[in-house]
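Chains here go by letter, A, B, C and D, matching the order in which they are written, and residues are numbered from 1 within each.
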């Protein structure tokens, strides 16, 4: 069936073309084209999923040859293995639901430019899907960039407002900065290994493995006189640049909160399944490469842990419902990074999946809330929506529980596994990971707090505004996606319940088995675990999963409880001024934007202006100076032509005599 | 014979247009320029050359005839195309046709003269890329200057006279330096012709004999420097670039299109043919120095673009930056490097042409190019703005557009260069250009295209006419086509590049 | 057209025809002193010039004077010779004369003494032709004076125009001084060698001990020629003379008379003062010529750069071009110098057409009296497109841009210099030619780019003088055609130069 | 017995310089003309003397040419000086200086 694999990505592309060209003449402005396309992709992905579970792994490195140079040809291929098959479903499902949701969210609002919206949505889905099953790093980079373009377009969808335009620009620019390193990494990888394949015996992770583990150093060429290990580490770091940019990890996270300027549906897509997920997915995709370098792994874990805590603290005091979710996204992707960095390939992927569902759910839910509130996003204007919009409330609640990591909702299982991985390697021989673990653990508390602060402020208590008292109804196209996602958020976690498995001593870690694949390949979990152990040299300490699990659950509940205490009252207080200076610090997001804006406008721009001045005055001045000098000397020189003929005679005679003297001396006559 | 026909048709066409009445000169010129356009495509389809024109490769459409005998020396008419010049010929014909179409709106006086000169320039450009005898090549090389001077001088902006004379004299000085350098080289070779392939092969076989007053290496270096300086002005390489922004800002849109699209490529093409093919050993000897020039051009040019308020100036300076990539690719001496540089010539030709046209269309309706004077144009002219955004992202090197392909090839080749020590560092520094370019283009777009609509010049802004938008669209399609399937050109380019001396075909390494 | 049937002296036919024409015109003048039958007079002169042009062309084609063809003709005991050099330059003189006479048909409307004017032109042309073929210092001096005296008169032809008279005076005074210098130089050379025939001079000079005297003489002779070619420091007359004289005469002098000076210089210095021999003697006249070349082109071009009047700018530029042509002689001490010497000849040939054409455009402007300054020329292209186009051709060709003859000749000249090992001469030339591009383009700018001010625009261009137009268009066509058809020119020039060189 | 030839050289040189001096100092056109004549005659002295010295007639013949041409030159010169006087009411050569630079 894999000959249809290209269609998975191409269907949305077709919908993009349709919506762009004839969208304005279609019913619902091209929405149905998008729905059909994404639905088709979803079906095909499921089919692919089934096929893969049937034991086939599809790795076609050369479907379309981009450059057919005999020495090094570059081409587009498709790799469908358990990981990408899973991701395909996630992406196409979320995209499908977002399309459906848009019917209620965008179309019903008399929005202009809907064809553009659906076209960009289609392109977005196309790029992400193609990125997901890209078979080599170069292709991955290309669609990674296209994803960036689409996010730019969609964030700036309401381009008539200054803030949207600037948010779009910021999103692209910040991620571009990360992609700069990514591109160097891509080129470095190709130049080093002569290939950018992800999977297969000739793939670059395998070659690197040969070089580092088996000592076949001729498998790679290093540059700048670096050793193999160092060079691989450097390449890993470079590629990581792109990841940090796209997955909004510290310090390149600043674009993401602003990205809320886009339509909420777009936020759902970006945060749950596409753009932001791309970064973490890339790490998982080339995990065989990262697993070779403990330095990079630890770095990833640390960045992840730090970001998780850092973002969670900022989420605590936000008043805009979407912003709270934005910071929660950053924090959650921090967890995934932590998991992957801590050698927990399965844990990271697991959380990636869970998060995709519950974050999509939360955003669509918030979207529904925003519809209810006539596009009011400030939580202090809401309250008491629980009874008025039960469907929204309960689904949103499910998502929140998952996000907060309350057993048995999906978020709990994955987050717990991540923390466990970090802990048991940390206690093993990687004390650095303990730091990351600690940060992650603390973040759990804040997560529980801000999540339920959001829930209570939005749905509980008394309505705090007229719109809240009499909200705008929402239609089926809004509710259906919420319900679907709500169920997923609730139950998807059961596919990999490590503690339970350990408790019952049953083999129910389905996701783990799934990712392990039908047979041992270079991309299966088992192989990764070996690498983490042998190449990176991670040693696991022997501890049980219960205590850490209980600990994180306790913290989550504590956070939730605090929120309940403070905000689950009829007429809640902000309480934020109690924080004093910390409050301003948090409101200002630790001044991250300020210094980045300063780098852009306070540093680069003046330098550019100085260069411009230099160019105009010195460089160009030299050019003009030469011409001026020669013209002046010309007008001086012509003064010898006095017009008086006797002077001419004199000058003539003088000239002749001078000539005589010079030549005479030269020829030695006298 | 096809090349000669092309040139002749264009030249005669220019005379005809010159005599035609202003009313329908534009349409006439468009029709005439369609002939070389079709001819170019025919040649592309029939192209059967292989290898490098200068290094004894199989030439397509080769043609040669006696012209002048100068004592023992003979200057002959010799033309032919290889994988490097073929794409440039196509580029020239395509851009000229589109530029003429884009001129219908802005050019509203002395049309027949304008279009006549444009066609004359096209003839010269075709000759430059097709000629294989130095003197013939030089005739065309200089012949391009005259129409350029008049086009800028007559139809240009407020400071057009200054700009015109500046580009005229500046580039002419450069040509003179280059001429003396090259001639000095040839006269010390045991050959009695200025036939470029002969010269190149004689140099490749170290048949250069030093005259009494200097050594072979000194002579080579001197000639290299003279020629490099000469071509660096045309490219332009920092610090010889200051004529470019003036010329671009003052020139009317169609001329800017041709100037950025094709005329700059004359410089890089000549660098590739003369300095980097004939004097490869010198080029590799001073690879680091040249690479510094390249990197400075990239970063410095991008910084300058960042500081501009005039859309045209922004694009103009960004051209300086993009040309820096070309130099970097050339000095890498790898297939991907040199081939990528050549591909970048084509790609930048299309993209910068697209950008200048789009800016021109906006100018036609708003009568301003100042970023500060307008905002929210996307509201009034969605199609144009859409294409402009496309072009801008192409300029930023968005994948699946030609700009990315070209830059990627250059970076890959440069990174892996065996002749340039510290190549990865040079590459990485140069690559930072892609961030800055994104910076200034995004800033400019945000201010002009997005936000609430505002225009300080009181003109009625509506969608642009079709014959303004159509060329833009055609260019955008070409850019995407080349980005998706670079081998349309890159194949023949590689073939020609691989035969260059010192170019490492394989990427080496332990696999 | 079997030539052997003709006697040898028939080789002088071009000169003879010119002389005869002038005599005919004098006859007409003496019969009918105030004849103003313009068609007849101009017609006669033109016919004569054309005839001699035709004969010259025929000889060139037939291979007269070509050592490999019908051989060099030496007449009157070696006083005169007919070789490719003489024929090539006679060709220049004849064509310039033709253009000038045709143009003068309109220019002289309403002037008196037209017959004298034409006969003087023909006499001057005769002088040039004889200069081209004179092989002895005696004939050199005589023909030199013949040219000078008639051109003095021609410059001062507009008797009631102060400019013309002043120009004539200055030209005459400097000319008298220079010819005195020349003849004194000749006398010194004679003193040392006891001979005036060029070849004999070379022989006799061998191993003389009066080096100082000889060197003095050589340099003074050089000075005399420098006057004719308007080379620094003997150029002072040139700007005024060209500016003051009637424009056709300016063209005539600045192209033909200059070329005449060069042909004599080329012949005398190659035949009578061979380089190697005189270097051994310690008379390094090449060094002197190099100095002259550099100074001349630099001063000429730099002074031209900032002129306000187009005519005077052209005058200075003509000085500059004298500097270029001097390269032909200055680089002669290098290897295969026939190339560079021939290049000098080529440049003079092309220059004959483009420069005459330029001055004839000035004549046209004076005829319309639109004024002399650049400002007066603003926007002229819209009112006289054809003439402006031609002028543009001349300017760009003078600046050495394709697709015009000036491009080929200038760059071949530089090529020759580099080839002879004098790359620095070429470099100086390059700098100057870049500067020249600036001021030549000023004219193009004035014609095509600038907007005319109202009072300028008022100057009505009533009629289209057919004669001047014909001459200008002819010059323009030739200037353009000379690039593709440069092959024959180079062959003739190079072989002519080769024949001169020992 | 004729005096040695160097004396003639010196004499002619002296005459030549006198003429040159005249040209450089005099402003009257006619004086200017006479000075030129002096210089020409200086040349003639050389010719005659060295024609005698070398024992051939070339020099003497040439001096005849010189005289004839000198006469012609004077004729043209006088003509020009006449129109000069007519236009500038003066024969001062420095008066006619309208064209310069």
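In this text, contacts are C-beta pairs under 8 Å (C-beta built on N, C-alpha and C of every residue); 3 or more make two chains touch, one makes a residue touch a chain.
The model shown is predicted, which means the values in this text are computed figures rather than measured ones.
Engineer: Trace the shortest chain of touching neighbours from subunit C to subunit D and give its length in steps.
Structural biologist: 1
Engineer: Count the touching C-beta pairs: is A-C or A-B ahead?
Structural biologist: Pair with the higher count of C-beta contacts: A-B.
Engineer: Quick check: how many Å separate the C-alpha centres of subunit A and subunit C?
Structural biologist: Spacing between the chain centres: roughly 78 Å.
Engineer: Round to the nearest whole Å and give the separation of the Cα centres of subunit A and subunit B.
Structural biologist: For subunit A versus subunit B, the centre distance works out to 37 Å.
Engineer: When the C-alpha atoms of subunit A and subunit D are each averaged to a single point, how far apart are the two points in Å?
Structural biologist: Each chain reduced to its C-alpha mean, subunit A and subunit D end up 98 Å apart.
Engineer: Could you please state the distance in Å, as a whole number, between where the Cα atoms of subunit B are centred and where those of subunit D are centred?
Structural biologist: 65
Engineer: Among the residues of subunit B, which are close enough to touch at least two other chains?
Structural biologist: 169
Engineer: Give me the residue numbers in subunit D that touch at least two other chains, ranges are fine.
Structural biologist: Each of 23, 93, 96-100 in subunit D touches at least two other chains.
Engineer: Which residues of subunit C are in contact with two or more other chains?
Structural biologist: As it turns out, subunit C has residues touching two or more other chains at 169-170, 173, 177, 181, 239-240, 438.
Engineer: Kindly provide every pair of chains that touch.
Structural biologist: A-B, A-C, A-D, B-C, C-D
Engineer: Going by the contact rule at the top, pick out the subunit B residues touching subunit A in the complex.
Structural biologist: 166, 169-170, 238-239, 241-243, 300, 303-304, 306-308, 335-336, 376, 378-379, 393, 396, 398-400, 404-405, 408-409, 411-412, 415-416, 422-425, 427-428, 431-432, 434-436, 438-439, 442-443, 445-446, 449-453, 485-487, 490-491, 494, 505-511
Engineer: Quick check: in the complex, which residue numbers of subunit D touch subunit A?
Structural biologist: 20, 23-24, 27, 93-94, 96-101
Engineer: In their shared complex, at which residues does subunit C touch subunit B?
Structural biologist: Checking each residue of subunit C against subunit B gives 336, 338-339, 342, 396, 401-403, 407-408, 411-412, 414-415, 418-419, 421, 423, 426-427, 430-431, 433-434, 437-438, 441, 444-445, 448-449, 483, 486-487, 490-491, 494, 498.
Engineer: Which stretch or stretches of subunit A touch subunit C in the complex?
Structural biologist: Touch list, subunit A to subunit C: 627, 630-631, 633-635, 637-638, 641, 643, 645, 648-649, 651-652, 654-656, 659-660, 662-664, 666-670.
Engineer: Using the touch definition up top, name the residues of subunit C that touch subunit A in the complex.
Structural biologist: Its residues touching subunit A are 169-170, 173-174, 177-178, 181, 211-212, 215-216, 219-220, 223, 232-234, 236-237, 239-240, 281-285, 287-288, 291-292, 299, 301-307, 316, 435, 438.
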